[in-house]
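Multiple structures follow.
Common to both upcoming complexes is chain A, partnered first by chain B, then by chain C.
Let's look at the complex of A and B:
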C-alpha cells in the first residue's frame, strides 16, 4: 500500500500553497515522470536530435552516401550567392503579403457583419470554416484547374466578359495570383471566427458610451473595435506569418518542383525540399532550413514590435 | 423598415461569402460528374452529369485508391489515439501534481512549439533510415504520437475543469495516479479531447510533405501523395482527377460535419484567451 500513500501525499498537496512539503526522494515521483516521458522521449529522438544535427550538417557537405566533409561557412556563402535562394525568399514574402493582407481584411469585414447578424450564425460559421479542414492537395488541384489557360473557369468568365484569356499558370504574376487566391480562400473563414470571438469579448458598455457620445459606425470601429482587437490581430498576423513562410503544398502541386515559369512559385520550403530530397545536397538543405528558422524568428519579432510598440505609445 | 433593409443586405453579403466558400466543393462535384470534354466546352457545363461512376472507375484503375485510403486512415487513426492518450496524460500530470522539475519541463515544452518542422526534416529522414522505417507507416505515426500543442491545450482545460477536491476524493476511494486519470480526468475532458482529436485527425489526414519524403514505395503512399501523383500523370483528365480529390475529402467532411460545433468552439478559444 506504500504506492497509494505516495500518490495520495502528492495528490492532496496544495498546488498553489507555499507551505512545508514533506521531503521525499525523487524516485517517489516516478509515475509523473513516466506519464510525461512519451513526449520528451519522442521530442529528443525526432525533434531535438534532428535539430542539433541540422545545425552541424549546415557546416558540412554531404550527399547521403559518401563521407561527410566539414566545409565551414561554405554552404552559407553559397546560399547568399544563389539567385534561386533570393528568388524563393522574394516569392515567399510577396506571396505572404498577397495572401495575408486580403485574408485578414476580408476576415475582419466578415466578422463585423457576422456579429450584427442574429440568425443562422452557426450555419455561416461552419460553412466559412470548412475550407480550412479540406485537403490542401485536392484544393491545389482544383485551383490549378480553374486557372488553366484554355479551359479554366477563370478564363471562361473573362471571355464571357469580352476580356482576352490569360496564361495564368504560365506567367510569374499569374502563378502568384493563383497561389494566393487559394490561400485566401482557405484562411479567411478561420480568421473570421477568431475575429468574431475577439469581437464578442469586447465589453458592450464601451459601445454604448460611444453611442452616447455620438460616434458613428466608422468612428466606433476605428476608436473602439480595432484597438480592443489588437491582441487578436497580433495572434492572427503571427499565425499567418508562420504559415506563410512555410508555404509548400500549393506551389508544389500547382506548378511542380521547378517552381513554374521564372521560378515564380518557388518558395523557401520548396527550395529546401528540392535541395534535400531531389538533389541530395543535405548540407546545403540544412543551411536553407536554418535560414527559414531565422526568417520565422525575424518576422515574428517584427510583428511583435509593430503591434506591441503602438500599444505602449498610447 | 430601414433596419429590415439593412438586415436583408447583411444576410445577402453573408450568403454571398458562403457561396464563394462553398463554390470549390460544388464545382468539384460538377467536374466529377461530367466528362473532361464537357467541362472544357465554352461556355462550361454548370450542371451535374452522369459520368461520376466512370470517373470513379478511372481513378481506381490509375491509383491504388483504397490501399492509400487505408494507409491514410491507419496513420490518422493511430496518431489521433496516441496523441489523445499521451497528451492528456501528460497534461493531467502538469495540471494537477507537483514534482521536482515541473516548471523547467513545462518551459521546455513551450519552447518546442516555436521550432519549425523543416528544421528537422533531413536528419529525421536519416533517423528513419537508421531505424529501417523509411517506406513504413511507422515513420508517420510514431514521431507524431505526442505533441506540445496538445499537452498545452489539455493542461489549460484540466486546470480549469477539475477541482483538486475531486482528485482527493478519488484518492480516498483508493484510486491511484493512473486510476484518477482514467476515471476522473478523462471523462471530464470530453469536449477538449474532441477538439484535439479532430484537430490531430485532420492534420494527419492532410499531411503532405513528410509522407512525400518518407513513403518511398509508390504502392504504400497516403491519399494526398496518391492524389498528387494522379494529378501529375493524368493532369489533362481533370474530371477524373477531381473525382479523386472529391473521394479523398469525403471522410473529412463527414467527420467535420459530426463535430463541427465542438471543433469551431475549440479552435477559437485559444486565440481569444491568449
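Let's look at the complex of A and C:
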C-alpha cells in the first residue's frame, strides 16, 4: 500500500510541478504502441487491406486483368436472382447441421468418457487430435475412394450385410452424407480436447456433493457437467459455425468444382471460388464473399442467443 | 524525445504511404509495365509442361542472355494473373494452358504479337486450328503451340472379342463410325457381359460431342448460341447413352474409373492422347490388352498449351528465337519421348520417336490414330466466357443422369441459367 502511494506520488509530482497538464497525452505511451505494432501492421496488411478491398470490389466488375468498372449494386442484384447461389446457401446450411450436431454430441460423449478413463488418456487425446492435423486434400481423396460406388469400402460393407450398394457420390443425399461424415471425422477430436479442458475446470467438490446426495451418472451429467460447460459449448458452437459455413475443400475434392449431381455439394465458398477463379468474375465473387460474412454473423448471433443461457442474460 | 517520436511516426507514415502507392500502382491495369533487364531471360511453365531434355538443351543452346526457368506449381493461370497485377517479376516467356487461352485473348495487349517478331515464317509449321486458338479476332498471335490433345477411342481388345464385337483396331474403326454405331456396340456388349458398360460417363461424353462441332456456346459476334441445335444434339447424344443404360456414371480420374479400367467394367474410354498416361498408371493386369481406334463421329481436342512472350520482355526478338527453337518439330518429338507431350507440329509425327510401337497397346503405333485425328480437328470459336456458360449444361445433365429430372426439364433449366450467365458477361 505504501509503495503504491509512493510510486503514484512520484509519478504525479513532476507533472504537477510543470503545472497545467491534467493527464498524460496518448503519445507518451509510444513505447507500448511500438511493442504492440507488429500485430497491427501485419493485421493492416494481411487482414484489413484485403477486407476493405473485397468490400470495394463487391461494387465493381473486374475480370482479374482489365480495368475495374464501378457497377453499384449490380453484383448483389445478380446474386439475389442467381439460382445457384440459393442452392449453395441451402446446401451450406444443411451441411452445417448435418456435420456440427453429430460432431459436438460425439465430442462431448468422448470427452466425458476420456475424463473417467484411467489408462492411456494421453494416447487417446493424441489419437483423437490426429484427424485435425491431417492434410485435408489427402483425406478428401481417401474418403472419396471409401465412398466410391463399385469398389468403395462403404459399399463393400453394405454388400456383405446384404444391403444393395449405393451411388454415394452420385446421389444428392449421398454427397451430403459423404461430405458431412468427413467433417465430423475431422473435427470431433478437436472439440473433444476443448470439452476435456472445460471438464477439468469443473470443481471436484460439486461432483462429491452430488454423490453424497445420491445423484446417478446421468443426473450428474445433466445437472452439473452440462450447465458448467455452457461457455465452452458456446465457444465450440461458434467455432463450428464459422468453420462449417466455410466448407470448401471437402466438396471440391470429392465432387469437383461443379458441386456434383444437382449441385448438391455446392457450398457458398465453392461457389465463390468458382466465380472468382474459374469464371474470372472477381467482383461477383467479392459479393458472394460478403454474403458469407453476413451468414456467419447471423448464425453466430443466433447461437449466441441460444447458448448464452439465462444466468448471463442480464 | 518529441523529435524521435515524430521521426518514428513519419517513418511509419512513409512506409504506409509507400504500401498504398505500391498497391494502387499494382491495381493499375498494366499501364506501368516495367521492362525486364537484359541480363536474364525468365521463363515460366508448369510441372511437366515442357520436355526435360528439350529444356536442358535449350538452356545450353542460348547462353546469352542466360535462360532462367521456373517451374510454377498449383493454379498456374492464377499465379500468372496475380503477377501481372503486381507489376513486377513478370516472366519474359510464359506457358499458357489450352483451357486458359480464350480468357487471355482479351488481354492481348500484355503479350507480344508474335507476328511482329517474325512468327509468320513458322506459323505454317503448326496445326492451323491450334494457332487459331491463340489468335485474336483482329489477327494478333499471342502464343506458339506447345502441344495438342487429339482424342481417340481407347478400348479393351479382350472384352470386345469376348462379346463378339470386332477387336482388331481396323475393324473397330470400320464398325464404330458414329455415336449410334458405338451405342449399338454398347447394347450388344451389355447383353453378353452385363457388368461392362461402354460409356464410362455420359456427361463426359457430352463434352466430346460438343468438341466435335464447329460452334460452341457463344458465336464470334458475341451472341449466345447455346440453345441451338448443335448443343442440343450433343445433349441428346449424351442422354441417349443414359436411356440405353450403357452409362457407367464413372467420371474419369475417379477411384472407380481407375479400378474399372483394370477389372473390365469400363472397357472403353474416349479421351485425349495424354489420357494414355492416366490409363497406363491406373491399370496393373490389363496392360497389352488395350487398343486405339478413331473417335466415333470424328476427333475433338482436349488440352494442349502455348508459349507466349510478355510485353515485359526486354528483348522480344531473342525470346522468340528461344521459343521457336524449343518448339521445332525435332524438339517436339523429343518432348513426346520425355513426357508424352503430343506435338503440335505435324512434321514431328513422322519422326522415329513418334513412330515407335507401344507395347501397352499390343504393339499398335498410337500416332497412326492420333496423327490423322490431330490434323482434322474441327475449328470452333471459343469465347472467353465459354466455360462459365457451359457449366449449367454439365450440372443439369447430371440431374438427368441420376433420374431426378427429365431431359426436357433439365435442358430448359440449363438454357435459362446459361443465358443469365451469358447476359451478365455482356453476351447478347
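One rule holds for everything that comes next: the second predicted complex is superposed on the first by the 263 of 314 C-alpha atoms of A that agree within 3 Å, B and C clash if a C-alpha of one lies under 4 Å from a C-alpha of the other, contacts with A are read in each partner's own complex, and residues count from 1 in each chain.
Rule of thumb we're sticking to: contacts are C-beta pairs under 8 Å (C-beta built on N, C-alpha and C of every residue); 3 or more make two chains touch, one makes a residue touch a chain.
This one's a predicted model, so the numbers in the text were calculated from it and none came from an experiment.
Visitor: Taking the superposition as given, does A:262 touch the first partner, chain B, the second, chain C, both, or neither?
Guide: A:262: touches chain C, not chain B.
Visitor: For A:173, decide between first (touching chain B), second (touching chain C), both and neither.
Guide: A:173 sits against neither chain B nor chain C.
Visitor: Determine, under the contact definition given at the top, whether A:45 touches first (chain B), second (chain C), both, or neither.
Guide: both
Visitor: With both complexes superposed on chain A, which partner does A:83 reach: first (chain B), second (chain C), both or neither?
Guide: A:83 sits against chain C, while chain B stays out of touch.
Visitor: What is the contact status of A:68 with respect to chain B (first) and chain C (second): first, second, both, or neither?
Guide: Once the two structures are laid over each other on A, A:68 reaches chain C alone.
Visitor: Based on the superposed arrangement, let me know which partner A:54 touches: chain B (first), chain C (second), both, or neither?
Guide: In the superposition, A:54 touches chain B alone.
Visitor: For the overlaid complexes, name the partner, chain B or chain C, with more touching residues on chain A.
Guide: Larger number of chain A residues touched: B.
Visitor: If you stack the two complexes on chain A, which partner ends up touching A:278: first (chain B), second (chain C), both, or neither?
Guide: second
Visitor: Which holds for A:149: it touches chain B only (first), chain C only (second), both, or neither?
Guide: second
Visitor: With the touch criterion stated at the top, can you tell me which chain A residues are shared between the chain B interface and the chain C interface?
Guide: The overlap between the chain B and chain C interfaces on chain A comprises residues 45, 49, 144-145, 148, 150-151, 256, 277.
Visitor: Which residues of chain A touch chain C once you look at their complex with the stated criterion?
Guide: 27, 30, 34, 44-45, 49, 63-68, 78, 81-84, 144-145, 148-152, 167, 169-172, 256, 258-263, 274, 277-281, 284
Visitor: Name, in rising order, each residue of chain B that touches chain A in their complex.
Guide: Going by the criterion above, the answer is residues 10-11, 13-14, 17-18, 20-22, 24-25, 27-28, 31, 39-40, 42-44, 86-87, 89-90, 92-94, 96-100, 105, 108-109, 112, 115-127, 142-143, 145-148, 151, 164, 167-168, 170-172, 174, 176-178, 180-181, 202, 205-206, 208-209, 213, 223-224, 227-228, 231-232, 238, 241-242, 244-246, 248-249, 252-253, 256, 260-261, 263-264, 267-269, 271-272, 274.
Visitor: Which residues of chain C touch chain A once you look at their complex with the stated criterion?
Guide: 5, 8, 16, 19, 23, 27, 29-30, 75, 78, 81, 84-85, 103-104, 106-107, 110, 249-251, 254-256, 259-260, 263, 265, 384-385, 387-388, 391, 394-395, 398-399, 401-402, 404, 417, 420-421, 424-425
Visitor: Taking the complex as given, what residues does chain A use to touch chain B?
Guide: 3-4, 7-8, 10-15, 21, 26, 29, 31-33, 35-36, 38-40, 42-43, 45-47, 49-51, 53-54, 57, 110, 113-114, 116-117, 119-120, 122-131, 133-139, 141-146, 148, 150-151, 153, 156, 159-160, 185, 188-190, 193-194, 196-198, 201, 231-232, 235-236, 242, 245-246, 248-249, 252-253, 256, 269, 272-273, 276-277, 282, 285-286, 289-290, 292-293, 296
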